Amino acid sequence: MNDRIREILSWYGSDNAGTRTNLARLLNHGRLAGTGRLVILPVDQGFEHGPARSFAPNPPSYHPHYHFGLAIEAGCNAYAAPLGFLEAGASQYAGAVPLILKLNNHDMLHEDKDPLPAVTGSVKEALRLGCVAVGFTIYPGSVHCGRMYEQLREIAEEAKNAGLAVVVWSYPRGSSLSKEGETAIDVVAYAAQIAAQLGAHVIKVKLPTAHLEQAAAKKVYEAEQVPIKTLSERVKHVVQSAFAGRRIVIFSGGPKGDDKTFFEEVRAIRDGNGFGSIIGRNSFQRPKADAIKFLQTVMGIYAGEIP
Amino acid sequence: MNDRIREILSWYGSDNAGTRTNLARLLNHGRLAGTGRLVILPVDQGFEHGPARSFAPNPPSYHPHYHFGLAIEAGCNAYAAPLGFLEAGASQYAGAVPLILKLNNHDMLHEDKDPLPAVTGSVKEALRLGCVAVGFTIYPGSVHCGRMYEQLREIAEEAKNAGLAVVVWSYPRGSSLSKEGETAIDVVAYAAQIAAQLGAHVIKVKLPTAHLEQAAAKKVYEAEQVPIKTLSERVKHVVQSAFAGRRIVIFSGGPKGDDKTFFEEVRAIRDGNGFGSIIGRNSFQRPKADAIKFLQTVMGIYAGEIP
Amino acid sequence: MNDRIREILSWYGSDNAGTRTNLARLLNHGRLAGTGRLVILPVDQGFEHGPARSFAPNPPSYHPHYHFGLAIEAGCNAYAAPLGFLEAGASQYAGAVPLILKLNNHDMLHEDKDPLPAVTGSVKEALRLGCVAVGFTIYPGSVHCGRMYEQLREIAEEAKNAGLAVVVWSYPRGSSLSKEGETAIDVVAYAAQIAAQLGAHVIKVKLPTAHLEQAAAKKVYEAEQVPIKTLSERVKHVVQSAFAGRRIVIFSGGPKGDDKTFFEEVRAIRDGNGFGSIIGRNSFQRPKADAIKFLQTVMGIYAGEIP
Amino acid sequence: MNDRIREILSWYGSDNAGTRTNLARLLNHGRLAGTGRLVILPVDQGFEHGPARSFAPNPPSYHPHYHFGLAIEAGCNAYAAPLGFLEAGASQYAGAVPLILKLNNHDMLHEDKDPLPAVTGSVKEALRLGCVAVGFTIYPGSVHCGRMYEQLREIAEEAKNAGLAVVVWSYPRGSSLSKEGETAIDVVAYAAQIAAQLGAHVIKVKLPTAHLEQAAAKKVYEAEQVPIKTLSERVKHVVQSAFAGRRIVIFSGGPKGDDKTFFEEVRAIRDGNGFGSIIGRNSFQRPKADAIKFLQTVMGIYAGEIP
Amino acid sequence: MNDRIREILSWYGSDNAGTRTNLARLLNHGRLAGTGRLVILPVDQGFEHGPARSFAPNPPSYHPHYHFGLAIEAGCNAYAAPLGFLEAGASQYAGAVPLILKLNNHDMLHEDKDPLPAVTGSVKEALRLGCVAVGFTIYPGSVHCGRMYEQLREIAEEAKNAGLAVVVWSYPRGSSLSKEGETAIDVVAYAAQIAAQLGAHVIKVKLPTAHLEQAAAKKVYEAEQVPIKTLSERVKHVVQSAFAGRRIVIFSGGPKGDDKTFFEEVRAIRDGNGFGSIIGRNSFQRPKADAIKFLQTVMGIYAGEIP
């Protein structure tokens, strides 16, 4: 329990010792234990995008144990997945890696401009499976956002009483937003703020572009000259937008792309005081040995061992 | 506990001792303690308008502790905010300033002519955080107003049983109202009446204009020659509309503007027997020292020390 | 407890002793105590029409205690109002006049051809405030009528278990009805029947005209030569439609008009075996002394002392 | 909120912001506000000893408002009493003095060598009455102690969830203890430890004598040469026994005696780092003016203004 | 997660992943992490024996943080204590050492030949404090044993649903047993069996002597020539009695004695396939540096590094 971890825990002064303990477990596990940085492996794409789109590029990844193994061998801080994937391995891998139960999910068999994921798990299930946290996705910008916020409110209250942490995926999406707007810096910063105000302990957002979506916000960014030119500056602004850096904000990797670009993005997150990455497809859609090497590089960058 | 406070508490004869105690705490704290006037600092704009629009003009205000500090140093009667902002400081600042947990919130990432805020907190959370009151926004005029009234009914009943006070933000808005109508004197007076009938202890409305929105009401205002020419007269009418002055009615400040105008408005509220102001952006969007000086002037006017 | 009251109570054979006790309190209070007739003061217009339209014609009526005082001094059987108005005086006036808590309300800041009032109070609140009954409005003819009936069902069940009486305002309205149809004799009689079938103890309807709205009904009224020519005949038919006179049916006064006409209507109600009147605006929109004199005349007619 | 109060609150790291807020209210009220010392007025003797034994020496004290007034005028930190006494004044004195609802009580109309008080209030009542804390008596040494501990466990868990503080009267008594043993230093220190282990925030014990009751303990006190000769040393030892001074320990006054002796005891409590006194009979069994003067002297000693 | 830990977890096939995760946390923490051996620091003596008897020999141990520090610095697998001691440090030390909340406790202020401890904590409190397990004491041989077994049944069921482990202190005691019989080999083996049958995951017993208490048992031990001559043999027999070694059985240290003897006993436990020790007074009743050296030796013996 070093000073950095103690400092991070001190930001959660209204949380009980149980929740703080589980945050500590998250921060003190794996290759980045004690650095205050995190790399989390999330595998909900089977549900969200379908199995072949998710696992066919690397068929061993159809197997639920594959992902436990990957998270453990690569030294990730945690593994996050929906109920089924965790149930399929939680007992065998008990205690080997912190688990996050994703409590809502959405599939692609019906199209929604304004998505409303189904609640597919519960706090009780998270306790039964030995998780350190529950995960929940909100889509600010969806016409259903109010319902998602209310579901999150109830779940978060119950989770906090039970000593669990709350991880919120905050992904702007919906008929009020342009495609470009979903990752606009003003919108991503807003999404981080909303998650923080809803009581999230850990907030996951997408990497923001320099685009400004909302006219009213645009005026302020320009008037106040908020620095958002480089990715690192934008990360800094998003982190600032989550209670001046007093909430853990991590960034998602998106679809598998070019590794060099990815590492550059990781450097920008690191230099912008982001807390880490949540890397799904880029991890499990390549052979395991490659994935581990890839993740080791990412962690090396966060740890400051790779410049 | 002076006579004025005792008089105000006497208006709440159906409330239990717990709710009266928390009303007393609200009225007996800060620079205006015991005067029967209130200045409250509300900071829900991060959620309602987005972080940059709210905090970029004064970057230290991104930090959740900033607002606790501002409310305490300026001697406000209370600090009101959504769950996340209160959680981020309630333990550190326990007992230093009365807190109001805002239980519903709405964001700008989707446009609604008829807004329906999400319920983002609970009475149990308010107890856990040591609040004196819960806050709830209704939008009379929205097609969803019925649902908001019903949510408020449930929350207010639970809050009153637990000895908390209920503060209602009553903001007419929706497809049935013109933009000008949202602050029309007949509409604002009506909004105050609705909040009072729904059982609010403290009612927050916008400052009304002399515009009359509803034809049926206009006839009566003209026939009965209700005096609504000056701002002070209009404040008096709104206060009258909230049970002949037997409910605490306070007025919101709106966007940051010219200080001189603002102080004139405060004088009008004071002279019209309004109970005070709830001042967000005008407070926290300027440097702290300025904000404190500004709030001291406002409080000085209410206290009758500044003419 | 005279024979007439005992007779009326005998109609409510399935109700528990608590509900009968509260019906007896209603029937045995005020100027008309023991006559089996009722005059009730309802003041929900502040919510339903707005404060100025309701109270500006007689400004003392902005004060919540005014209406308690009026009901008591005039000797009304009961005072009915929404939560806020009752909360503002129930403790001070405890035991001085039977109270009816109106559990749903609707405002004019948005227009609905098919209104659905919000539920703004609860049975628990009615017990807390010492009420003898809860009041509930249904709008037969509204597309939302089913939801209102279901809300009433739940509330009535809870109220009856708690020993309270149930007063139903049954006002046909909605896109399926012509304006004239809202007070058509077939429609008003139907509204009374629905309220009775839903389990109301006391039913409040508007005075019916001789208009027949529904084709299918019209045929029967004509074939069977149901007497509906005079107001007194129509009242008799409405009372008959509410279980052959074995439910208490009272009639609402409508907007303030000509007193002489009003008294004629009261005579028609009396002669048609109606049980009384519920008189709001005609009472509180004139100076108190006038109002008391006016109400005394009404009660004198019902008591048979004024022909 | 000065440093001493912040330090005391820091000892309660597992408590939520609500409980800390109420502890702060207790510590920041009255003449000793902010000193970290407390004087509490408890009036449960009417129940525990009977009315004449309690109130006949000063007949105005039969009136429940007398004690609210005395606590307020003398500047006590709080007033503690059973349900009835608090109900009889909590609304009138709302917000004027922190209240503690004593949740169990025992009377003298039956003799028990091993007392088991009845639970006479609840956490919900404490919220309804606006209390900052609940009070509970345990009698370690009674054959019924297990049942009392279990009652306290349930009450404390509920109180802490609702943001209230827990004050435990820990009075050794029962067939296993000699009369002298009830105030023996080993026994009183043990009683303080038990209350602390059961989760009390504030612990009330009797002033200990130098007697050692338990043979096994006596050996240790002698072997380790625990200093217990002076009252001040004994107070220090009791405070140490309550988590090395990290729980608030206050001392009860006992029956009315000689004032000079009493002030000497207060000095010993002060010098032994005791946190204050809870003074019932010595306060209310004398004329009010005398009582206030007496309490002012006690508070002056605690504040360090009287040597 | 090595093979030995996986093997141990495999014995708990009916437990959910949460409970297994918490058992893994217990087994994988501290100096003995991964060895399948445990040394636990228990500090309930303040409650069970009184503060001076427990802490006066080493006064810093009055402070609740002392024990967290000792457990962490010495590398114990866990720290077990009653509610108050855990509440006093769980937030500050969140995540630094696995915690066990002892849910029942008994004090010495009244004498019981047949003790029945009070339930002083709950599973919900254990979750709130971030514990890996709950602890519960049973006294087989007490006339109250049935009640304790039933309390344990309820607690264990709730704990297992919430993913916690259950540690049972099984201490034969009561009017049916001679003093010598409390540690007789037949009785201790029987106590281990009872705890295992009640569903304990971890069982704590005292070191057994070669005495045989029960006549009926004695016959069998002699007829079957159960080897119980050496301490190591007796440990082996007790472990065998707890499901042939498929439950974790640890041994308590008793009062502080001679270190050399103690280490011999630890060797006997190790060689008899006992899983470890729970060492209270021998740890905290000596200066911290000594205690750490002492515990390091114990752990060295268990780890097989010290012969």
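Here the chain labels run A, B, C, D and E in written order, and each chain numbers its own residues starting at 1.
One rule holds for everything that comes next: contacts are C-beta pairs under 8 Å (C-beta built on N, C-alpha and C of every residue); 3 or more make two chains touch, one makes a residue touch a chain.
Computed from a prediction, not measured in an experiment: that's the story for all the values here.
For the pairs A-B and A-E, the count of C-beta pairs in contact is higher at A-B. Centre-to-centre separation between chain A and chain E, using Cα means, comes to 40 Å. The distance from the centre of chain A to the centre of chain C, with each centre set as the mean of the Cα atoms, comes to 58 Å.
Taking each chain's centre as the mean of its C-alpha atoms, chain D lies 36 Å from chain E. If you average the Cα atoms of chain A and of chain D, the two centres end up 49 Å apart.
Among the residues of chain B, those touching two or more other chains are numbered 90-91, 124, 128-129.
In terms of inter-chain touching, the protein chains here follow a pattern that is not a line, ring, star or complete graph.
Chain pairs that touch one another, listed by label: A-B, A-D, A-E, B-C, B-D, D-E.
Residues 11, 13-15, 140-143, 145-147, 149-150, 153, 157, 172, 174-177, 186-187, 189-194, 196-200, 214, 216-217, 220-221, 224, 226, 237, 240-241, 243-244, 246-247 of chain A touch chain B in their complex. Those residues of chain D that touch chain B in the complex are listed here as 1, 5, 9, 16-25, 28, 72, 90-91, 93-96, 124, 127-131, 161-163. Every residue of chain E that touches chain D in the complex is listed here, in rising order: 46-47, 49-53, 55-57, 59, 62-64, 82-92, 105-111, 116-122, 124-125, 128-129. Residues 13-14, 16-17 of chain D touch chain A in their complex.
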